[in-house]
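First chain A sits with chain B, and in the next complex the same chain sits with chain C.
What follows is the complex of A and B.
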């Protein structure tokens, strides 16, 4: 599949082999001439104006001491970055961010794979099931957060009631009010929201495994579990890598859900880097420091993307 | 015979698993809806009642008549629609250009698109806020739309690229042999073929914009232009959360996107499959 349509543009089609068509074939030249570039003008404008410029501006800001209220800006060099290294709040937020990301991505992938295997049978019923299972992925973050907060409400929450009944939660408390339980509860919500994506990607990958391999295994008398270990899992290795990278970047950078669930509380127990940037900028108006934190996040994301492209191979993105 | 029994057992296990998954995925939605339709005395009971009892629409009446929510819905619809259209223009042309031509720096461009797709939104927050401030676009529709396009356009571009890769070139080639120009081949052949995919991708972009909180919360400070997520979040800011109203507003915000998604999910899944199969 690596050649793709871009590759087939070079391959002469039956229709175009005739001498009459030869002149027109030149329009299909892989470079595409100026017209081919015209298609990319909006994309280029977008990338320069709405991505490259803000990113550059953010790094500029991170080297400034910017007083938003006075509108005064002063160059301070890498001071904000150095200060961050000595700031326990930054390190705690980074640690929280890692817990949130690793817990969330791990849960989403495991549950996503289990779900994909479960719904991977033919039949109209399963089409409906797959669609229903995708719903959490599109419920607005605000509705998700508020509903889970209601279910975990200290007095009337149905999940708090159940957790209290089985002895996991003291009576009349909410996990979101507990320093120990707030992050695990938030990660559960993160898994709820993200597992459908992993499920559908895994399910799509399952469809590409040749049925002949399973048939051959059955002839050899392999059991379901053996089929899973020897055929299914090896085929999912590549897509797992793609999923890990995409979901890691997504969870690491995701602001809306965690902020709306906990606002970073209680006592900073769920404050991750995006929330720290938000509070530092629009709570404390220390724009330079906030830009430095965001800059470090961007460098991290950039490293992950680079690593991904390296592993994924240089042939195509 | 033994083998047959084990297969049957597996089928049974499968359905137990599926039911468990469905409960996990759908219970919060069910609970949101049920809570929004309950009178206060049934909403605030210990232990909570699993099944719906008395049905009332009183919370919906409060939300729709006594708050600014209807206005916020119009704002959200407008912002999401324009964000969708702008992203589709960028993404359709860009995806076509990237799949049908080879350019100098093609790889670099793809890398830039991928990077913009996975960028931390908080990275753009301050620069966009300050720049939009200088342009006088704080608290305007245009300002929020610009920020929403920063994530809807890369999303649409990435998904549409895999769609265009699945459309064979032969039809466009044949049309061009028949005398259609390059642009004509795009408009008359490729675009109609890709239209369902383009629309579905656009509608998913609409959903992303509809759900967004971060940029809207910073940029929209005045009553007149707030979006639905901002409006609902304000119910929480108050010390005493008004659960009935909040559940009703959340249900109202969720129902349109779930209906939209039910319509387009087939194409969304196919797009992911095209992307997933590649490589």
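What follows is the complex of A and C.
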């Protein structure tokens, strides 16, 4: 911004901005184009080094048969991609990934909204409740995994005990030892871990709903459920879409929690694509194949989000 | 009259600063220490404290050498080491397990340590461990801890039922069944089959007791395809034992779970490496006098104890670097490999860790440790009947890339889990293991 005759800041005129934009008066002055462009350099360097290069290198690697152990690499074209399309382990991992993502995102949004409605109610203790509800989001993944594994332990786990008591689990066993129950149990942990994010976002969105709308509804005799259905939910539609997109991308790529909980077992029941990438790269050292899986993961995640936004999303998103 | 402050000539600041900088840079150069890094996969505080103490003493005696110690847990070791090797900065010294030695040797970053081993006395070492880390006539790591896998059992329960130590698979199965007690929630045998490491170790213990090698120890050629019948028989036995006498959730158990089950008296026996003794000391000391140890039996009682079993060891490796750092690293190894220091290191996890050097095993420092004393007969039996006959997947042929890869993949764990949970037949599972091993071999030989 310019400093005016009185020393106060004034905005440059539109003409000046336009002139700079068209390069007619590029110079090193504070309003000059060169200086402005220079400020972009750190961001561009950051984007190129930390995003563009790794993505491009992953793409390059996926066309190589890269033997990391022996340090040998050779071009194999799209072979890895073709092999993956015929690999049942890949498809099962993708299916697990979708279950993990859909279950996790759905649960986080529902629990997050419920928690947001709770903390939005007036009350003295709500500050404490809000703080407590944020804890799952700040606890390290390793602590979360160890704690939940013990809660699901076959002999001493309180949750295994409860599940057994209500008839959902045979006595003295753990959901993590069952092909059918391991993924639902892991999803519960994922929901617990991620719902505070949805809670905070929903809670912020709830503050923006005009109180007048609720007052008008009350005058018309609407009940709490009707208010929620006809006022609250419509106002949260846009933020829900944003949350779905963000959490889908997050959960789809979320590696550490599931790996620490189950290692992808038992018998591959919770092995999703990020774990498959890890095992292929740091277990089998086949970095080319791992890069191809990572590439297909990116494409799949992109497709899911695009599809969702196309179907449900406002155009401005 | 007001005096304006006299301006100091700039050289009056610059000159002292210049002198200070020159002194500051000259002094470190003149007294530059050789700095070496030491990574260790041991993360228990007692082990780290012992290592720090020894290294501190070494640094005092060798003021020209500075050692930086870093703990590297199991679950991050491959990514961390791969990144360090890629960056050209592997640790100068690495206290690791045999799979890491194979990995680093394949990557060509290791220095041979024959001179250090010969200095200690090659004949003092457990021969098997040296074989595991030998390739092209050179030894690429020095054994630090001998580990063993055996069956840890409750002597008091055996006495109550008047049972003797089983000497064959069938006897083990019968004994395990005898301890099942639904009323008390007690199981006969902990058969841990977690996907990562533990499943492979349990299956390995039984497979090796039947002689189902990956490589033929004599010819050093790939032999798993010829040992499939033995492997199928071993896998069937593991599944039978699991179904008959192990808690259902042990399909997912790792070390922590089965040790806790044993210490909390929920299983009468378990496959184990000895760390359960430390856990029992902390959590149920009354149990210590009731714990016994016997070698994992093989298929036939006549061959007991079997002349082949699954084991492991910890090693130290030296990475290639400039000569001063390599020499400093080897100097530290020579310092650490006295019988007394070896014994003290093993005593930081008594029974779990056994000195791999005979003079250290026989030393007063080792034998007089209270826990070692308590289990003296069992430890002598392990040193005599178990450790010399240990095998590890892929290392039967000495140091080779496949060994590291078997450890880092989940092939054996997945196979046994699929038999139990997805109704694979043992034949299919063993064929699958063979197929995966062949793919790994072909990939490495390409």
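Descriptive notes on the structure:
Keep in mind that, in the parts below, the second predicted complex is superposed on the first by the 259 of 317 C-alpha atoms of A that agree within 3 Å, B and C clash if a C-alpha of one lies under 4 Å from a C-alpha of the other, contacts with A are read in each partner's own complex, and residues count from 1 in each chain.
Everything below uses one rule, namely that a residue touches a chain if its C-beta (ideal position, glycine included) is under 8 Å from a C-beta of that chain, and two chains touch if they have at least 3 such contacts.
Note that this is a predicted model, so its numbers are computed, not measured.
In the superposition on chain A, contact is made by A:239 with chain B only, not with chain C. In the overlay built on the shared chain, the residue A:179 is in contact with chain C alone; chain B does not reach it. In the superposed model, A:76 lies in contact with neither chain B nor chain C.
In the superposition on chain A, A:282 contacts both chain B and chain C.
More residues of chain A are in touch with B than with the other of chain B and chain C.
By the touch criterion defined above, A:170 lies against chain C but remains apart from chain B after alignment on the C-alpha atoms of chain A.
Of the two partner chains, chain C is the only one touched by A:267; chain B is not. Within the superposed three-chain model, A:217 lies out of touch with both chain B and chain C [touch as defined at top].
Contacts of A:155 after superposition on the shared chain: both chain B and chain C are touched. Chain A uses residues 153, 155-156, 282 to touch chain B in one structure and chain C in the other.
Listed in rising order, the residues of chain A touching chain B in the complex are 1-2, 4-6, 8-9, 13, 15-16, 21, 24, 27-28, 30-32, 35-44, 46-47, 50-55, 57-58, 61, 114-115, 118-119, 121, 129-144, 146-151, 153, 155-158, 161, 192, 196, 200-201, 204-205, 207-208, 224, 238-239, 242, 246, 249-250, 252-253, 255-256, 259-260, 273-274, 277-278, 281-282, 287, 290-291, 294-295, 297-298, 301-302, 305, 309, 312-314, 316-317.
Interface residues of chain B, counted against chain A in their complex, comprise 6, 10, 14, 17-18, 21-22, 24-26, 28-29, 31-32, 35, 43-48, 50, 89-91, 93-94, 96-104, 107, 109-116, 118-128, 130-131, 146, 149-150, 153, 157, 164-165, 167-170, 173-174, 176-177, 181-183, 186, 207, 210-214, 218, 228-229, 232-233, 235-236, 243, 246-247, 250-251, 253-254, 257-258, 260-262, 265, 269, 272-273, 276-279. Considering their complex, residues 78-79, 82, 103, 106-107, 185, 194-196, 247-252, 257, 260-261, 264, 266, 401, 404-405, 408-410, 413-414, 417-418, 420-422, 440, 443-444, 446 of chain C touch chain A.
On the side of chain A, the complex with chain C involves touching residues 65, 67-72, 153-156, 170, 172-174, 176-179, 182, 262-269, 279, 282-286.
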